[in-house]
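See the structures that follow.
Note that chain A is present in both complexes that follow, paired respectively with chain B and with chain C.
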Partner chain A sequence: MILFNIRNTILIYAALFLLQFVAPPSAPAQESSGREYAIKAAFIYNFVKFVKWPERELRPSGNLTLCVTGADPFGPALEKLAEKSKTAENKLIVQRAVNPDGAAQCHIVFVGGPDGGHLERVLDAVRGKPVLTVGDTPGFAHKGVAINFFIEDNKVRFEINVGATRRSGLAVSSELLNLARIVEGGSGK
Partner chain B sequence: MPQINASIRPLLLAFFILLFWPVPGAAEDLSIDKLSEMSLSELMSIDTTTAARTNQKAFDAPASITVITRQQIRERGYVNLSDLLEDLPGIDVNRKSAETFFNQVAIRGNVGNNKFIVMQNGIRTGSPTGENIPIADNFPLFHAEQVEVIFGPASALYGADAFTGVVNIITQDAKRIDGVEVSSAVGTDDYYYNYLNFGKSLTDKIDLAVGGHWNSSQNPDLSKTYPQHFGKTDALNTDGTVFRRAAEREPFTAPTESYSAYANLDFNKKFFLGMTESFLSHPSTTGNQPRNTIYAKDAVWETRIDSYHGKYKADFGPDLSGESLVQYSVYELQPGSGFTNSFANFRSFKYAKGNKLKLEQQLDYRMDKNHGLIGGFTFENFDHIPKTPDLPSQFDTGRDANDQGFFYLGTDNTLPLKIFDINYQNYGGYLQAQSKWSDWFSTTVGLRFDYDTRFGESVNPRAGMVFKPVKDTVVKLLYGEAFLAPTSRISHEHFGSFTGVKDAQGRYISDFFHLPNPNLRPEKTRTYEADLIHNITPDFIVSGNFFYTQVEDTIANVFKDESSTFIDGGIIRGFEIADNIGEAEIYGADLKADYQTYFMKTNLKFWGGYSWVEGRIKEPGGLTGPLPLTARNKIKTGVTLNYAEKYILTPRIVWVDRTSNFRSFTAEKVRPYTLVNLHAEAKNFYKGFSAFVNVRNLMDTNYFNATTGGQTFLSSPQDPRTVFFGLRYKY
Partner chain C sequence: MIGIKDLPIQKKLMAVIMTVATLTLLLSSAGIVYFDLEFFKRDMVRNLTALARTAGENSRAALVFDDAPNAKRILSSLKADPQVISAAIYDSGKRKFADYVRDPDAPFVPPTIDGDKALFIGDHMEIVQPILLEGETVGTIYLRAHLQEFDNRIKTTLLTVGSIFVFTLLVTFFVGVKLQRIISQPILSLAGTAKRISLSPDYSLRAVKQSEDELGILVEQFNEMLYQIQERDAALHKAYEEMEHRVEERTKELQRSNQELTDFASIASHDLQEPLRKIITFGDRLKAGYESVLDETAIEYLGRMQNASSRMRNLIDDLLKLSRVTTKAQPFAPVDLNHTVEEVLEDLEVLLKNSGGTVKIENLPTVMADSSQMRQLFQNLIGNALKYRKEGDPPVVVLSGEIIDVRFCEIRVEDNGIGFDQKFAERIFKPFERLHGHSQFEGTGIGLAICQRIVLRHGGTISAQGDLGKGSAFIIILPTNRE
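Right after this comes the complex of A and B.
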């Protein structure tokens, strides 16, 4: 028997077992999906060029308010975009942890997280108002969110609920629609 | 240092230069500044994950894991599991290598399609009774979200037969499919491949994914590419007389056909129902020499496996959860399967069937956020009709195994053929402790106990330590054991014939039989391994490992120069049986590099791997031989160019060194070869339509793969260039 040596095996097990108690436990490091949300932030930055708000909504400052309700997955990406937008036609103002019921004060609302009740409140608040709703939860576009991100083949894609954009009075360029998956659904009440 | 064939030195040199070439500009990830300047179409071409994140599982897991994502499967044009395995370092895929299991896969120098587990979503979809089945189009990838390949023994978690590794095909979630995808491809030699994949949320809580594929091909006429091998020659009986003259020989034919289906029904992520079905028909003349075989269209080997399962996940509190599984699976070698070779008197049939009922309960206990325990127990009941001896006509599935009316050849239809129907059980229990002791150190220790009613107990431990000495580097020290249960096919197989002459006691005389050995024990293996993975940047990863494997109690045939009365009314004067007589020592190393970058709307991804494996197997009589069906050196490399997520081009190169076949005593070795494959695709070129072309053996090289020997060539001639074009539509 050239192969198996019980004594060595027991020694290896004992060593491994003891090693478990050598180092004190500590908190695990956080993982980050920062890259995905940096790409999504850049998409939102781009959407501004392809969506037209009624003129009165942008006066007097020409600023666009980007709100995040619910969990904010973007990290520092939105601030960096806001900084970059200072020289752009429409300066981006970022507001976090916005109360869903106050979403009508925003030009763009990113609805974070899969919370259905929270979504209802946002949609109720912005109904009929020129607010671009954006999400990244499966099924949100069908529920009435204007633009919803999804991942396909490891790439960011987006779907547009044309009815939702129409009802909000926003003009969406055909160039944007051509790149999107078109969905229907949501309430027009 | 092993001897390296002179012809591969330039390739090796090129590989290492590529591996360590400085990569300017790759040191930082994509910044928000860069992203914000990109157009929408440019943004749509960027991967959401870095190469490092794609490999996160490989980085963190206490095992040697390679993960191939759906995107990689698509970009590289992998159609089935053998295509994917062929591109992985450490794996030898020898195609057209055996009559009954077609392609043979060796993982880290240990050959055997039955020595690794194939699973779909964690449920075994290979043979339930451990049969050696083909790895080919019966394992498609059209539905795969990713494929995880674990290298090394893993019986401590998975039980029997996780001997050289585990392959888990994880299918796309219904929500991810969200619609229907259909595809149709047509190619040279009447190649057709069609699939449909559907996924949808039926309600807020119920998701359904279903799909299937169908494929057929006449395959290349090898007699045109290799006239020296397949030229018209007399087909000879085993006694040397002519069965069919050269002038009357039939044309070469080698058709294949496959289909598969799957369904996953998910009730609120709590209760799951699923099924898989796979079928492959391949020529049982695979690799056969023309003097031994008739290339008939009905010389087929038809493997079908069905599996049905139900799974329930329960939470018993914030720290304790459970998973209950019931699975029933059936393997059947279809009754039309058989041989048209000289050993079978140019027409015989075979049959086999095995089914398994499995119950498993797993509990997952989270002691705190850094320590967890996983434990469980399983019960499996098996019924198995092992592969029959050669039958003169097809097995009648409507009748009992021992009521088929078959007799041994040369007994004037008086000695009835023994066909076994075996029932056995396996009971297993396992426990695994996972602990994260700090940001830089975690451990896994596990043990599994199995009791098989045929051969008794097996105990298999595993242990792993994962160190992260610096942020982007991981070092793993791994140890694992496994056992390969002797399938009833091996323990109960018997074949041979009688001479037609009786001895003085009126018993029919046979000069030779292969006889059963129900006392076979499991083969056992253990592996020591060290892995290193380093993320030079998030998009440039290098990794390497070194492993040392011991195998003992390997099963091989031994000749017994003595008499046997195994068959009532007969006397067998010499026989062979399978026995646990061999052992092996295998060691080797793999080096890998993955790199991706973006330039001019193009995403470039490079991958490359070099494998070295060395070892000896000890054969009957104390002889030692090289590792069969394993090349000492292999290079697998390729590059994907993805232009704006519209056009994809992936050339892949596989270089395989000289390979030994099973007949280690012969001087003939399979010569080295380089294989270039190509995949090109125009993605979503019109309203959800994509078009693609796949070219295998682009350079139209004549090359060979290693075989089992016997009736087959020792070097089996491989396909010339084959091409197929296809369309895919997603809506």
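Right after this comes the complex of A and C.
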């Protein structure tokens, strides 16, 4: 019973911990707590470990470029990631406020919501290119974004558009797929 | 091991074989059990470590993307392995992230864990493995497995090894029983032969040689020894028979010549007595009828003649007595020697009175004997004792008897007379042997010869001890009961 209590206590604390930074679905992104985006930034950093880029795309430096287009809700979280990645296998280089049309030069593109027409431009720019598109706006995955964050039970979860990843030539680990909600769509664009 | 020395050789060999086999089996069984269980344990650790690592790898994405339900689902897949009791994943902050328990009634998952280890604790084992993602530790997996399989393995191994142990011991026993005969059979056969020979000395028996080893040599030597004993035994037997035959012949010869001698002595004495009697008779008549007409010289010659005739009569009488010891023997009857000596003393009354001597009788036995010969024996010995007395010293004769054992008694006749030199102790028993001249002591020199003959005829011995000038002792040993 004591163990059970401890587990319960831990769960309650975890829930409270998550509740602090998970915003209600209706709230605008910029009003969300910085913690939510810290988690999302960490997730993006971890995606790198479960997604394989073709070898040639990483040469010669082995660096990965993370671009942000549209609204940028991350604040200093991305810089912290970049700092952290210096010792990792693939160093992360952050570029903010990137022109949606030039997204093909990036390895990862975070498409900030809501869609102000830039989503279409990004998807057009990276079509057939090994660029991982990430969003956190409901419906983006259906439109062709590879990985899209959403909130479920006060936790950050993500969905993966398997068609989009396959078309971009990226190999997404089954471990990652196991955790994601699989969606389809956006192939016609 | 006490008493193994006294066991029969077959049991001894079996004891040695079985002891060695049991020791060997015990040591090898212990080794097998130890290594089997040790390898099994190592295998178990390796398998469970691999299981933990796989589960950890599978759940690292769930861990980094904070997906506890997925992690729990992955851990649940461990229920496929019945050994796993519980498992848990901890995040990089060592907090429990997800867990799995097989039996919800008895859950055990530590709240926090760290490190990399495999431990056997009581009835279960614990494995802790770090979860790595691109070289970075992103969490820890904990696995707890019960040791049912290990316990089963112990049982199986012990049962298997135990069965082999018992079976091998049985096989060893039966093979040992057969093989020990190689050594024990020749020894037993040898021992049996030796025993048969000692029971009935049949030296023609031989042990059977069964091998060319030391035992074979032993059997060969034993047989060789038997052969030699057989030869010697035969030679001995032959010599004995020859000896017996020779003794028999010699005895017959001796008896014959003895008889002849006795006959001769008897006849000669009788024949000598007749003319002697005439010499004495006519000598007496000559002296009685013609003493007045004979001159002094003639009378002296006549006297000397009569003296010599008288000595010759005594001599012949004694010779006759000697020969009569064997020719005129009486059958044996119980004789009380005290009584015999008393009678002898009556006969010697005059001599005793003249010499002033005394005779002491101490405890003489009763023997089976010819009573007249016993009388003759003591008459001679006591007579001698009184006769060879020291000048001016009244003779004292002591007769004493003693039972030596069941069959023999010893009679001593001791005196305080003139004694004799010990070197003549044997000679004095020979007929006509005299140590003193006629003028000194009268006698024919046959008395002791008669004594010896009587004692020998009774199956006894007589010997003499002399001390010149102090006295002599005659020791007679006689059988008490002659069948």
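We take it that the second predicted complex is superposed on the first by the 154 of 189 C-alpha atoms of A that agree within 3 Å, B and C clash if a C-alpha of one lies under 4 Å from a C-alpha of the other, contacts with A are read in each partner's own complex, and residues count from 1 in each chain.
Just so it is clear, a contact is a pair of C-beta atoms (placed from the backbone, for glycine too) under 8 Å apart; a residue touches a chain by one contact, two chains touch by 3 or more.
Owing to the predicted nature of the structure, the values given are computational and were not obtained by experimental measurement.
Of the two partner chains placed by the overlay, only chain B lies in contact with A:77; chain C stays clear of it.
By the touch criterion defined above, A:122 lies against neither chain B nor chain C after alignment on the C-alpha atoms of chain A. In the superposed model, A:176 lies in contact with both chain B and chain C.
By the touch criterion defined above, A:154 reaches chain B but does not reach chain C. Judged by the touch definition given at the top, the superposed model places A:35 against chain B, while chain C stays out of reach. When the two complexes are overlaid on their common chain A, residue A:132 makes contact with neither chain B nor chain C. Put simply, more of the residues of chain A are touched by B, taking chain B and chain C as the two choices. By the touch criterion stated above, A:103 is placed in contact with neither chain B nor chain C.
In the superposed pair of complexes, A:43 makes contact with chain B and with chain C alike. Residues common to the contacts of chain A with chain B and with chain C across the two structures: 3-4, 39, 43, 46, 50, 155-157, 175-176, 179. Those residues of chain A lying in contact with chain C across their complex are 3-4, 6-7, 10, 39, 43, 46, 49-50, 88-89, 155-158, 173, 175-176, 178-179. Across the interface of their complex, chain B is touched by residues 1-4, 12-13, 16-17, 19-20, 22-29, 31, 33, 35-36, 38-39, 41-43, 45-46, 50, 76-77, 80-81, 84, 138-139, 150-157, 175-176, 179 of chain A. Residues 29-30, 32-33, 35-36, 38-41, 43-50, 53-54, 56, 69-71, 74, 175-176, 178, 201, 368-371, 433, 435-439, 441, 443, 445, 461, 463, 465, 479, 524, 526, 538, 550-552, 583, 585, 645 of chain B are the ones that touch chain A when the two sit in their complex.
Those residues of chain C whose C-beta lies close enough to touch chain A in the complex are 58, 60-62, 64-67, 70, 95-96, 99, 107-109, 111, 133-134.
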